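Accompanying notes for the structure given below.
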Amino acid sequence: MRLTWPGACAALLMAVTGTAPADATPPLAAEHLSVEQLPARSPHWAYLFDFSFNNETDGRVYLYDGDKHRMLGQFEVGYYPNLAISPDHQTTAIATTYWSRGGHGTRTDVLEFEDNTSLTLRGEMLLSAKKAQSGAVSNFNVSYSADGRFLYVTNLTPAASFSIIDVAKNAVLSEVDTDACVLVVPSAQRRVSSLCENGRLLTVTHDDNGKETARSVSKPFFNVDKDPIFVQSVGTPTGVIHVSFLGDIYEIDLSGTEPRFVEPWAMTGPKERGQWRPGGQQVVAYQPHSGRLYVPMHHGGEGTHKVGGSQIWVFDAKTHRRIARWPVDAAKYGGVFSVLATQDDHPLLFAATENSALLVMDAMTGKLLHVEAKLGQTLWSMMNP
Amino acid sequence: MRLTWPGACAALLMAVTGTAPADATPPLAAEHLSVEQLPARSPHWAYLFDFSFNNETDGRVYLYDGDKHRMLGQFEVGYYPNLAISPDHQTTAIATTYWSRGGHGTRTDVLEFEDNTSLTLRGEMLLSAKKAQSGAVSNFNVSYSADGRFLYVTNLTPAASFSIIDVAKNAVLSEVDTDACVLVVPSAQRRVSSLCENGRLLTVTHDDNGKETARSVSKPFFNVDKDPIFVQSVGTPTGVIHVSFLGDIYEIDLSGTEPRFVEPWAMTGPKERGQWRPGGQQVVAYQPHSGRLYVPMHHGGEGTHKVGGSQIWVFDAKTHRRIARWPVDAAKYGGVFSVLATQDDHPLLFAATENSALLVMDAMTGKLLHVEAKLGQTLWSMMNP
Amino acid sequence: MQQRLDRLVELASRGLARRTSRRGLLGAFGMVLTGTALLPLLPVSRGARAEAAEPATAGATPKAPSKAASDPNACEYWKYCAIDGFLCSCCGGTSSTCPPGTQPSPITWIGTCHNPVDGRDYIVSYNDCCGKTSCGSCMCNRNEGEKPMYRLSLNNDVNWCMANDNPNYHCSVSVILGVANK
Amino acid sequence: MQQRLDRLVELASRGLARRTSRRGLLGAFGMVLTGTALLPLLPVSRGARAEAAEPATAGATPKAPSKAASDPNACEYWKYCAIDGFLCSCCGGTSSTCPPGTQPSPITWIGTCHNPVDGRDYIVSYNDCCGKTSCGSCMCNRNEGEKPMYRLSLNNDVNWCMANDNPNYHCSVSVILGVANK
């Protein structure tokens, strides 16, 4: 339903009421009720995912303008959703769960396609009731292939697999058994990599019909028992970067025919190691123009890997040099739970806190530009448009 | 699904691990995971309705023990629900709205029956998509007939009507056009009264098949323009009591063949009138054993009728004598938005605040017995078991 | 003149409230709505100022306009004098436009708000924007001249999205219709 | 002895993780679950204490038990050493029972928590209670020995209600299974 209060209406009303006021200034003009249209996409927008943990069936995404410091709109993403933005930025894919009666009744798992240009629902596709449900919001629980043709959706029942979806055909092509490995990190056009429980990487290749054509398993590249890596990784032009509980950086180059594991390096000096740790939810951001990494860090011991940061540490991803330690007023805003850098050459850094505050910072200087004291209920992750 | 971790399991595990610790005290026994059963109903229980205004599709009711100061359980009540507890206390009737996809997709209005003894859903009945949706939570948007045979459900589309439901048959018998009047206040066995826009009371009588057999409209008994009454009234043994914006008490005796309008009386003295006003959501409680009325009052002007109380005023409903003015620390807890008195002879008074705090007070002395600083999101009304 | 308007809209409203047979109202309603000239169907609030019968503690003397009274993101904004809900200006809309992807409510109520800047009273239409779960930002609860649900045409408790395809309440706007007669 | 248990449960777990064909796992799983003796299917956490490779700032020396460590309604309660969710003891249940009308999760993970009162380590089962929307009270986020989702058997981020008829997550309990071997 699209309605506009026509000027005719106000005019008619004016005619009825007459024009009385003896004020010198002219009266305000009648307004026309209409619906806002989104302006052209800005690199300084962010999609803020509110898990709504106290009301989990009502997950939502807020579209936020980092320059104008205002909400642009929102859409619903349901229960324990997994989200991905399409390579052409036009669509958000939402793998989620609904019930026929709020949180009870018949369960429906569904892949919904939100039109990012109008914030309306473009369509949906039914899924079997297997969608992975995790409060650890990874960028790679759902992902698009680089050409946007395929979507990969992680399943966990707790058996682990992923579904390959043909976007144009709006159809599930296949389900690939991952032998207990999770995440769907896309590379090349037809390859998907997953993290395995023993610290290995599984890489599955498929054909245009979604049929698995090859799989390989790497040697262990990290020690799950001694220093596990967070699943909340960040994509880079050549692959992904993971952070470990103790603050080591694991970069995986997925641009070749086989995954290449870059030698891990430590964010901490010997005296800091084990004292200062990454923690929170979205624990690493990457800024391609400056080549910088951003990690929320806190002072704490084992088991504190979900504690938000009191500082944001900034590194040069190439030289491994620590550029800065930006303090955050964690007592005031809550510790930094999640970080996101915009992808342009005048980048912003968004920091979401444990209190669901949103800090907007200059990603080059660390200057705090704006604070939303409370945005939604539980702001757990953010995505770029 | 009902599961109990069997003792066998723990025993087996113990056998595997052996018994090692050299501590002097015996180790703690293995526990058995089971599901709590509700104890027998206590008059000091309250059903606390959380509208979840920031996440409206996830309305819920918390069952709270006013003696033990703890939650007993909860159930889901959906979007803009209207609630009523059956005369035998066994059931909560929930007239509500769901969608096939969270807050979108196909809309379903439904009457659900929650088993109050187990906090499980006993059944449901589909309604047409007309259910009244109001944030003003009245005790009489849905009601049971005194014998529990019929349920009355207010509709508003915005055309006003109510549906008559035969509970045993699980069927809608009829829909009664109320000529723009709202609420369903039951009396005798087959009579329903509604408030009309011009300050009159409509009373409809129906037969066992839900067919309207008579209707009468009273003379105006209050002045809608000068001093409207809140829709959030409270039931008494003989009818209902309403509070007006300026603090007058309107009692309607529905025990006879025609409604009898008791002469209104003022809670305020001449100097207080217009300065001190009732305000909030559930603005009046009645305690039958003591014959007391409780009203949250605040200092404010016109348009402040939704401001929570900084005091609770206590009256003898018969003599109209003001028994007490109990101050509430509104700065600390938020103003009192809703009040509920238990119906026994050692009564408690529950006060829910604008901050969704719950205060438990001795209804005779006003002594603050317990505070839940934050219970849910937006605690808007309460019901007795 | 004000009386003439009240009377006119009141007549419309009474007709509306009476045409409540199951088939009747929404059909007729829908017809009006699909027309191009959309006259507000529900009565005009007489406004806080007209409630002379009711003593006001805040005092009726005009105050200097506060800063918040001029800020469309503030609950104190003059146009919001009887909004009880989330301000659309915090949700991707403005004080008079709905956020992207929502639908305005075709039914609504209209009231009178005093603009302290030019000293005029304006007739405004309070519409809800619908079809998405609640915005949750900028909760605003003001009730000048607001009446309980039985005076539906002056009530802001009911969900004015009730007649929308998707009646989910998202946020509220206040749209200037014109200057109110003194 | 501890190693024997680890090995035993690990074998079960690996079998479980591998039997992941679309038909396979949940069928076999369901069979186990409907049996009367319900052995935890997922590996035992080696516990925070065993992570010697990882330096701890909080210090490994035993502390005097705090009051909160003995209060089942407090997040600091000793049994809750790796619960990330709402405590069922605030939701109508106890530290080891689900609230009325909910269903326990049949799948879960088990870990080791240190009881400062008797100085023992206990093996506990972290179960979720399911089938109602989130309780919302007593949020507790502790993660001693917790691992990311790829080590599923030691992870508390996933919704352990996932295999329930109604997988809505309501709250979490911690059930003593027995004393852990030193």
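We call the chains A, B, C and D, going by the order they appear; numbering starts again at 1 in every chain.
Everything below uses one rule, namely that a contact is a pair of C-beta atoms (placed from the backbone, for glycine too) under 8 Å apart; a residue touches a chain by one contact, two chains touch by 3 or more.
All figures in this text were calculated on a predicted structure; none of them were measured in a lab.
Under the contact definition, chain B and chain D share the contacting chains A.
The distance from the centre of chain A to the centre of chain D, with each centre set as the mean of the Cα atoms, comes to 28 Å. One inter-chain figure worth recording: chain C and chain D are separated by 52 Å, centre to centre, where each centre is the mean of the chain's CA atoms. Chain A and chain B have CA centres that are 40 Å apart. Centre-to-centre spacing of chain A and chain C amounts to 37 Å, using the average Cα coordinate of each chain. Shown for chain A are the residues that touch two or more other chains, namely 54-55, 57-58, 76, 79, 99, 102-104, 377.
Counting only residues that touch two or more partner chains, chain C has 132-133, 136. If each chain is drawn as a node and touching chains are joined, the picture fits none of the line, ring, star or complete shapes. Contact between chains, per the stated criterion, is found for A-B, A-C, A-D, B-C, B-D.
In the complex of the two chains, the chain D residues touching chain B come out as 1-2, 4-5, 8, 33, 36-40, 90-94, 96-104, 106, 115, 118-120, 122-123, 125, 127, 129, 132-133, 135-137, 164-165, 173, 175-182. Interface of chain D with chain A (complex): residues 16-22, 24-26, 46, 48, 51, 53-58, 81-82, 84, 107, 131-134, 136, 139, 141-153, 155, 157-159, 161-163, 166-169.
Residues of chain B touching chain A in their complex: 52, 54-55, 57-58, 76, 78-79, 98-105, 108, 110, 112, 121, 124, 377.
The touching residues of chain B, counted against chain D in their complex, run 1-3, 5-6, 8-10, 12-14, 16-21, 23, 25, 27-38, 58, 60, 63, 70-76, 118-120, 375-377.
By the touch criterion given at the top, residues 53-57, 79-80, 97, 99, 102-104, 107, 132-136, 138, 156-161, 175, 177-183, 194-197, 223-231, 245-246, 273-275, 299-306 of chain A touch chain D in their complex.
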